[in-house]
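Shared chain: chain A. Partners: chain B in the first complex, chain C in the second.
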Partner chain A sequence: MGLIYALNGLYFAAFLFLTSLGLSIILGVMGILNLAHGSLYAVGGFIAAFVIGLSAGSAAPLMILAAGGCAMLATAAVGFAMETTLLKPMYRRPLEYQLLMTFGILMLLEDGIKLIFGGESRYASAPFDAMGSVQIMGSTYPLYFLFVMLVAVAAGLFIWWLMVKTRLGIMLRAIEMDRDMAQAMGIPMRALTIVAFVLGASFAGLAGALVVPTTPAVLGMGMDVLIMAFIVVVIGGLGSLKGAFLGSLIVGLTRSFTVAYFAELEMPLLFLIAVIILIIKPEGLFGQK
Partner chain B sequence: MKNFLFTPRAAVYAGIFIVLLLLPKMINAYHLSLVETGLSLAIMALGLNLLLRYTGVLSFGIGAYFAAGAYAVGMLNMYWPEYYTFETAILASILVSAAVSALFGFVCVRHTRIFFSILTLALSMLLFAVLEKAYHITGGSDGIRIPIPTFFGHEFEGMRRFQFLTGPYYYILLGIFSASTLIMLAIVNSPFGKALQATRDNELRAEMIGVRVRRFRWYAFVIAGTFSGLSGGVWCFVSGHITPEICNWVFSGEVVYMVLLGGFMIFEGPIVGAMLFTYLRLYAVAATEYWMLIIGATLVILVLLLPGGVTGGLYDLIERFKPKGRAKAGAEVKHA
Partner chain C sequence: MGNKSDRRSFLKTAGAVAGGAAAASLLGAGGAAAAKKRGVPSGPIKVAAISFLSGPAAGPFGIPGDNSYKMMADIYNKQGGILGRKIKLISLDEAGGAKGQVELARKLILEDKVDVILGYISSGDCKAVLPLSDELGGLMLAYDCGTHVLMEGKKSPYKTPKYELGFRTAAHLGQDNIALALAIKKYMPNVKKIAGINQDYAWGRDSWHIFELAIKKLIPGVEVVKTLWPKIFTTDFTAHVSALQGSGAQIIHSSLWGGDAVTFMKQAKAAGLFKQAKMALSRGEPYPQEVGAAFPEGQFVCCAGAHYFLYPAWDKWPLNKWFVAEYKKRYNKYPTYPSYHAFQAITAYKVAVEKAASLVGGWPTIDEIAKAMGNLGFETPSGYLTINKDHNAREDCLVGITKMTKDYPFPILDPDRLEVFPSFQVNAPAGMRTEDWIKSWK
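Right after this comes the complex of A and B.
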């Protein structure tokens, strides 16, 4: 059974990684903590459930591709609209206004979802059922879970490649290090900020799209994920890719094993780990001072 | 502070106090209970503003201490009903919230800015998880019922909840609210309050002139937490029932909204904000199923167009009509 718990933990870590990746990019490049990130995840989930409902009966990879693609496009569009209208005036404002603005957007998005998709839960387990399961060391395990882990690893590698190997990534990291200096060097701040935000938003959408085949899309589905992603970011360090990766693994595995053995301790234990890490290393495992 | 009694502000305070004292004669019971909610929340808003305005850190988890205060009352009634009176309940809410905020604050004050906000948020969700999961101790998501207490030996036997709330309880609450406001006013004007503002403006400089920055920030955190706990303690009688939702970070976010709605650069702003928010939320919930859309939209508009909040906006308006040549204090409100 230990293996299954470990795999479940990795599966959960995969989601967390996808969500916290977006949160971390936005936090690093824009310096804004996006409280509406969980709602973007929910938008992705609802769009994906809708698309899977439409494409019922087609092959599983096609369904996932369509759902994931639509969810990413939709959240990218929402992210673009958010950034260019509401967040743009916030960069020069103090922290409290930035946080309250994203909090206001969260409320708008949550009720927007309710307005468009209605209040009912949406089930979309077709891809999960269609993919079936595999035998791993004598136990049956759903193939879909393994697929999600693969997507998360691919996404992580993509972001790593983007940030380390491309010109775009170098410019983004320059902004992260020193905004004013980056601007003085002639880096197109506006365009890059939009790119970073849209990228982060679409990753939240992807994570939401990947979760609906296993759990139905419900109102407020993004709230718990947001808190988990915060813990990941706190453990891993603000704006660090490595930190998000390791943080997701720690949170995912801890959660999986505590749920299996002492379910009531799940959240408290996660927070305890976060607090201990913060007392020993206040900036997080891979954070910069 | 010494000459406070003879300032125009004291006169305005006295005027408002008299109006509040006569309020039960002027408005109906329904509105009176809304005012009671507003007054209780105002105590918490004042506490939050001690952190935001005077210490320069934004807590997104102030609901944790509010919940600590409210649950102290609820659990006192559950486990030691023989000691359940108004005064022990309030004492318990103050002590428990002070203890919880001292513990959480110890971790949080090591950080400022975004990290502080994330940490306070995360810790309030920790308490939320505990309150919700420990079903057999805290009643879980069903919450706890809060019955009418005795008040210094006085029984309100035979009085219905509604009569108690709109009768004697209003004056008790008004007394506690007034005392809290004056205490907070004294705190922010004390040398301690000034030291806090020094740490806010320049942490390094404050450290150099001998302010123990983290220690002071911790004290402020505990004071803010205790105010929230007291707020939770008096509020739970008004609501009659408490659930872990008051510990959820969304509730804390609403408190931040209250403070900014009222205007956090002015001492009395949070009180105005708590009152306005109570009414705004009630009307939004009554008007439509999509009340979050209304609250969210007003919040976005507020942040974009009226960063000084209602009091800040009024202040600017008054300044505009004053004769030229006077110092423009409104400018500080606008850009702070």
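Right after this comes the complex of A and C.
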């Protein structure tokens, strides 16, 4: 069972990586701790569930592509609206204003979802069911989980390429490293801030879209994910892509093996790791001081 | 389904009380005539119905319960209401936590002056709010929450009733889990290894505790090989599924609910868990319909009482046939156990008012209604329901085994393997704690 425990850990890590990626980008480039990130994830989940419902009966890849695409577009649009109207006036204010504002947005989005989609759970497991399972060393394993791992790897590579190999990414990293210097160098701060937020929001939407084939979209679905994403960011380091990757792996694998061997410690152990990191390396494994 | 004679016969029966021959005459036309002596207020009866209308518990529990309240209020109003007074149903959302529900209950009783609160899916909400019934002088009927300790004292024997104005009108988790253990003893008497996966809060812990106590009494050699406590609203059960597979358990007990139950069942099926183990789902009745054909066959499912759209059989018990047809007509789904529980709550209030009115000769006070309700019996779509002197409902409990048929797009409970345990076999006597009762079994 060891291989299956490891695969389970990798799947959960992939899911966490996708959810914490956007949070990390926004935190790194903009310095904003976006408490509404979980709600953007929920928006993506509900949009995807709706689209999968409309495309039921289609081939699984088509359903996932349509759901993921629509969820990313919708959350990008919501993110754009959030940044340009509610967050923009907060940049020059102290951190607690930003926290209060993003918490307010979280509640607004939750109510918005309820208004549009109603209070009931939405089931959209068609792609998960359609993909079926494969045999791995005598154990049955759902193919969809392997697919999510591939998407997470692809998303990580895309963000790496964007941040390291493109002019846009270099400017974003410059902002991340020294905001004042970047501004003095003539980097278009306003436009890039919007780009970073929209990018982060769309990744939250993608994560929401990828999770609904495995679990129903429900109101409040973003809260737990937000907590787990924060654990990843705390462990990996604020605003670090490498940190998000390693943090996700640590959390995913630790959880999987803990459930198998010391089930009672599932959550306490994760929090304990985060606490230890906060004490001995407060900026996280790959974060900047 | 739903022919006119069935409907007429139900309306005739439900319009009166059906706790027995004497009660029928008390609460029929006689009750209405007696009520005229003291007088009946002219305004509508304010009935607050509180269920989760949003959030994860809305889909499987709150909305089916609320649907049933609306349906029955409409039907009773068309019959003339209760002693001629129309029911004004106030549907409210249970979301907001126990503190919010306590505040809401205070407002409903003190400011809005509701006649009765029918409420609560969450055990935490029930435990927080029900003590207010006596404190504020408001009648409260806990209609769906599962905690077995709600009406119990700290040690046996305890004084009954715990609350003068607080009642429970449906089964609790003690009943569910004892019935499951009894069914397992019948179908798998030689089971050696069991495991549990239950949410990490009072509901999950209590459900497992009662099940473990009961199954170890009934099958003494059974070994617990794994107990898992995922946090509520877990989206990824892969680690838990693998851990269960590695444990070699033959039976896996679970009280998972809502999205957690659906998510677990789907992920477990995809990973092949059901090839080696059977689930024993303590309140699993709604999920075959929620999951559809992907819900696995051969699993033990308890029905939170004897609530099932195909039981009691429609030819034997037309009231179930009528209820199912009426609900399906209005909401395009088969009723699930919360719908039946809501029927029981609103009907218990109606029957108790009519019974009390017949005795006092007019519209009864809250205390008079409570007194009538503390010794009540009536027909429901699931059979007979009694509310005992401990203000706790007693009903039979149904456990079935899922089976796919050509008649429905989801597995039903196999009609040839329905086990109905009488209320005395799954409920502790009044004044005795469920836990102590199980421990006393020889």
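One rule holds for everything that comes next: the second predicted complex is superposed on the first by the 285 of 289 C-alpha atoms of A that agree within 3 Å, B and C clash if a C-alpha of one lies under 4 Å from a C-alpha of the other, contacts with A are read in each partner's own complex, and residues count from 1 in each chain.
Throughout what follows, a residue touches a chain if its C-beta (ideal position, glycine included) is under 8 Å from a C-beta of that chain, and two chains touch if they have at least 3 such contacts.
Here the structure is a predicted model, which means the values were calculated and not measured.
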| item | value |
| --- | --- |
| Partner chain(s) touched by A:M267 [first = chain B, second = chain C, both, neither] | both |
| Partner chain(s) touched by A:L238 [first = chain B, second = chain C, both, neither] | first |
| Partner chain in contact with A:K114 - chain B first, chain C second, else both or neither | both |
| Chain B versus chain C as contact partner of A:L86, first or second or both or neither | first |
| Which superposed partner A:P61 touches (first chain B, second chain C, both, neither) | neither |
| Intersection of chain A interface sets (partners chain B, chain C) | 114, 223, 264, 266-267 |
| Residues on chain A engaged by chain C in the complex (per definition of touch) | 1, 4-5, 7-9, 11-12, 15, 114, 119-121, 123, 125, 128-129, 132-133, 139-142, 144-145, 211, 214-216, 218-221, 223-225, 255-256, 259-260, 263-264, 266-267 |
| Chain A partner contacts - residues on chain C that touch it in the complex | 52-56, 58-60, 62-63, 93, 200, 226-231, 233-236, 238-243, 245-246, 258-259, 262-263, 266-267, 270-272, 275, 290, 294 |
| Chain A-touching residues of chain B, taken from the complex the two chains share | 52, 58, 60, 107, 110-111, 113-115, 117-119, 121-123, 125-126, 129-130, 133-134, 249-250, 253, 256-257, 260, 264, 289-293, 295-297, 299-300, 303-304, 307, 336 |
| Residues of chain A touching chain B in the complex | 27, 31, 33, 35, 86, 89-90, 93-97, 99-101, 103-108, 110-112, 114-115, 223, 227, 230-231, 233-234, 238, 264, 266-268, 271, 274-275, 278-279, 282 |
